[in-house]
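Below, each structure is written out as structure tokens.
Each of the next two complexes has chain A plus one other chain: chain B in the first, chain C in the second.
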Partner chain A sequence: MEFFFDWFRVLYDETGINLPFLYDSYDRNRMVNGFLTTIWLSLVCLFFSVIIGVIGAWLQGSSFKWTRRIVNGYIQIFRNTPPLVQLYFFYFAIGTLLPKVENDWGGQSPLLGSFAWAAISLSFFAGAFNVEIFRSGIEAVPKSTVEAAEALGFSKLMIYRDITLPLAFRVVLPALNNNLVNLVKTTTLAYAIAVPEMLYEANQIWSDNVNVTEMMIFLLLAYFALVGVLVSGMNRWERAMKIPGYG
Partner chain B sequence: MIVDTIKSVAAVVLMAGIGATTASADILDTIKERGKLIVGVKADYKPYGFLDTSGAIIGIEPDLATDVADKLGVEVEFVPVVSSNRMQFLEQGKIDLMIATMTDKPDRRKVVQIIDPNYYSSGTNVLSLKSLGLKEWDDLRGKPVCGIQGAFYNKATSQEYGAEIVAFKGTAEAYSALKAGNCAAFVYDDSAIVAKTNDPEWADYEMPLPTIDDAPWGLAVPLGEDGFGTLMSEMITDWHKSGRILELETKWGVANTPFAKAMNEKFK
Partner chain C sequence: MSWSPSEPMVSIKDVHKSFGDLKVLNGVSLDVMKGDVICIIGPSGSGKSTLIRCVNALNDIQQGSILVEGQEVNDLHLNKLELRKKVGMVFQQYNLFPHKTALQNVMMAPVRVLKHDKVEAEATARALLKKVRLEGKEAAFPGELSGGQQQRVAIARSLAMQPDVMLFDEVTAALDPETVGEVLQTIKDLAEDGMTCILVTHEMGFAREIADHVYFTDRGVIVEHGPPETFFKDAKDPRTREFLSQIL
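Moving on to the complex of A and B:
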């Protein structure tokens, strides 16, 4: 393995193509950690944004006026503001208002760190879109199907969980796919509040080595591969869930 | 590579140009004829050069410039400069002398005449809460430390001292994150930190560590002005010898820096 890494040092000496995240063990660690942070942040945000979408869409169909209003208000706020502004807002405005806790180095630090705020903010951001996406799916389920379920004595929650949502899920997958791809790409914004994800680490590396071109090309390819994996997974899921004759 | 070539060609052209113009008239004669010494100083770098409430430029560097004018027996005029235009102002003759917190670098010596000995120096240090009681750089191990994205000392701070660098885009974000308690310390230029510790708003904070990566500052005159250069070299030596730099640091509320003390010892 060391031989493989050293080859890139030779490459740099010979051609000037500088890839320190391969031959320098310190930079390599940074890049690997950045990559893992990006994946972890993406998974957390994907999970919570879908949950928010499912619950939000259900609440939107609530018979209480105020529940519907609150959900719609949430959607308007998070859909109509830039995600970077939301990140700054959560981290610098809300974050400093929260109570402080004793940390392990003997100081007082805010309850939530930059990673937590990035996860919360991006989940809510993507979640707002997901609510609308799920709503579109729910509205596509024929009213007669719901009425049939009601006639059979299903409760409101059971209808949503067992009838509407499974059918709606199949309708919304392409749109959901789009939004989740966007979400993975939006995790790069977390760089602004110093979450050590891929873009952040790449920036540190190119500041130290002045190899901006190489790092930019690497970043582009890395995200292309990362999103490619997500898209192929989603497509596979879409095919597996296909019901013959529906949709 | 190409950029370097262009830069060196440009430097040669500039040097030739300046050489041709200065051969005819000595800048010292020009200053005396004009009765005024025009000095480029910083106006945004407290306490080295900043604006008072009336808008006048004051600080350590303007005081040094006034010393030079007094020596020449002329008036002094300050021109505010920033890092990106200070050398150009000197080359173009907009200013006669530049005292503007400039780090002495070999490539800068090709463009302007940096005078030896160096008059000042700054390095890397941290701003942190007094209650944390940091004593040495190794105390930062495992702690989150705010920084500026792209600063060269981030890597050293994390690699050698084991700090977890939390780097932000600008100083405002870093200061606010430090204040919020997201980091144990903020690693930055010691000269800027000194100014912060004098700010009442930052009274609970201190600059507790020994400064590292010390880099000297150089004041500069246009290339080829050997007469003025020699005079300035004598002035700087004199400032160190008489303890003028130490005195100005005290006057402007900066703790005496190790560099200024060492130079005072050396020339005494």
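Moving on to the complex of A and C:
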């Protein structure tokens, strides 16, 4: 392994191509942490945005006018404003309103750190799209199938959980796939509130080493690989969910 | 709520139903005793589906009364679950759950709705699939089955809830002619076992064979009714005669 890393030091000496996050253990740590933070932030947001989508689509089917209005308002706000502005809003506007807590060193820290705010903000952002995506899938489920479940005594919640949602899910997987890819790409916005994700750490490295070109190429390839893994995973899932003899 | 088997299991009295301005049921009354098989026939659009869908509250009614084992269906505080435990329904388009296997389709309601034990529910479901002659198809998805097979799964799925009365809405109308027989046979078996059945059907031969009583509806009213022997031989109303002459 050391040999491998040293090779990049030689590469730098010989050609001027500078990849310190490979040969330098300090920068390597930064890059690994950045990479892991990006993955963790992506996973957290993927999870919560899908949960928001599932619950939001359920609430949109509510018989209470105000429940539907609130969900629609939420969707409009998060769809029609820039995600960076949303992030700043959460971090600077709401974040500063929250009480501070005492930290381990006796000082005062914000209740929620930048990572938490990024996770919340991006989950709501992607969640708004997910609500609409699930809604469209639910509308594609034949009313007669739902009626059959009603006739068997299923409650509304059971119908949603056992019939409508699983069927809707299969219909919307391509659209969901798309939105989740967008979400992973949008995690780079967390850079703006100093979440130490991949872009942020890369920025640290190029500031120290003045190797902007190399870092940019690396970032492009790293995100390409990351999203590639997500897409192939989703495609595999899509195939696994296929029902024999259906659609 | 106290109901005894000497009273009608389903008692429909002066039921009126409209969709917006469209009057679909115009004062329909009929009684079904326990173990009875009744057939409702009539031209398309005459309100047959609407009528039987009112019995298990898939449609609500504006006026009149429907009692199922003494439970009033036309009630704002209707306990739908109680009603639907008593009334099973089979639809023209089968309406199976496409993402579940035949076995899962049959097991699902007992496990989810009645909270039956999974192992027991599975055993019951397998027995029911056997009863509708679908042994060996337990693991098949609806999309892999013929129309007739799907419809028999749908019947088994309804029976799994152990209903006291079964509603059949033109359950053979969407089937290929060669699979109609197997579904009719399944219903016949059921009727012979003493199941109370309300059937909407266009199969006159079948109605004549299995019905205790036949009702002819047109434009939301019952025009004529009687036991099949007399009903099919000497119908009195000209509308009934015309309908029968067209269909027979």
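Keep this in mind: the second predicted complex is superposed on the first by the 247 of 247 C-alpha atoms of A that agree within 3 Å, B and C clash if a C-alpha of one lies under 4 Å from a C-alpha of the other, contacts with A are read in each partner's own complex, and residues count from 1 in each chain.
In the analysis below, contacts are C-beta pairs under 8 Å (C-beta built on N, C-alpha and C of every residue); 3 or more make two chains touch, one makes a residue touch a chain.
This one's a predicted model, so the numbers in the text were calculated from it and none came from an experiment.
Q: Is A:Pro82 touching the first partner chain B, the second partner chain C, both, or neither of them?
A: neither
Q: A:Ile163 in the overlay: touching chain B, chain C, both, or neither? Say first, second, both or neither.
A: The answer is second: A:Ile163 touches chain C but not chain B.
Q: Per the contact definition in the header, classify A:Gly73: touching chain B only (first), chain C only (second), both, or neither.
A: neither
Q: Would you check which partner chain A:Pro174 touches, where first means chain B only, second means chain C only, and both and neither mean what they say?
A: neither
Q: Under the stated touch criterion, which partner chain does A:Ile243 make contact with: chain B (first), chain C (second), both, or neither?
A: Second partner only, chain C.
Q: Just to be sure I read the superposition right, which of the two partners does A:Gly113 touch: chain B = first, chain C = second, or both, or neither?
A: Touch partner of A:Gly113: chain B, not chain C.
Q: Have a look at where A:Gly233 lands relative to chain B and chain C in the superposition and call it first, second, both or neither.
A: In the superposition, A:Gly233 touches no partner, neither chain B nor chain C.
Q: If we overlay the two complexes on their shared chain A, which of chain B and chain C does A:Ala149 touch? Say first, second, both or neither.
A: The answer is second: A:Ala149 touches chain C but not chain B.
Q: For chain A, what residues appear in both contact lists, the one with chain B and the one with chain C?
A: The answer is that chain A has no such residue.
Q: Name, in rising order, each residue of chain B that touches chain A in their complex.
A: Touch list, chain B to chain A: 129, 131-132, 142-143, 146, 149-152, 154-155, 159, 165-169, 173, 176-177, 179-182, 184.
Q: Hey, which residues of chain C end up touching chain A in the complex?
A: On the chain C side, the touching residues are 56, 58, 80-81, 84-85, 87-89, 91, 93, 95-99, 108-109, 112-114, 141-145, 154, 157-158, 161.
Q: Please give the residue numbers of chain A that touch chain C in the complex, ascending.
A: Residues of chain A touching chain C: 142, 144-145, 147-155, 158, 162-163, 166-167, 170, 243-247.
Q: Using the touch rule from the top, collect the residues of chain A that touch chain B in their complex.
A: Answer in residue numbers: 26, 92, 95-96, 100, 103, 105-110, 113-114, 192-194, 200, 203-204, 207-208.
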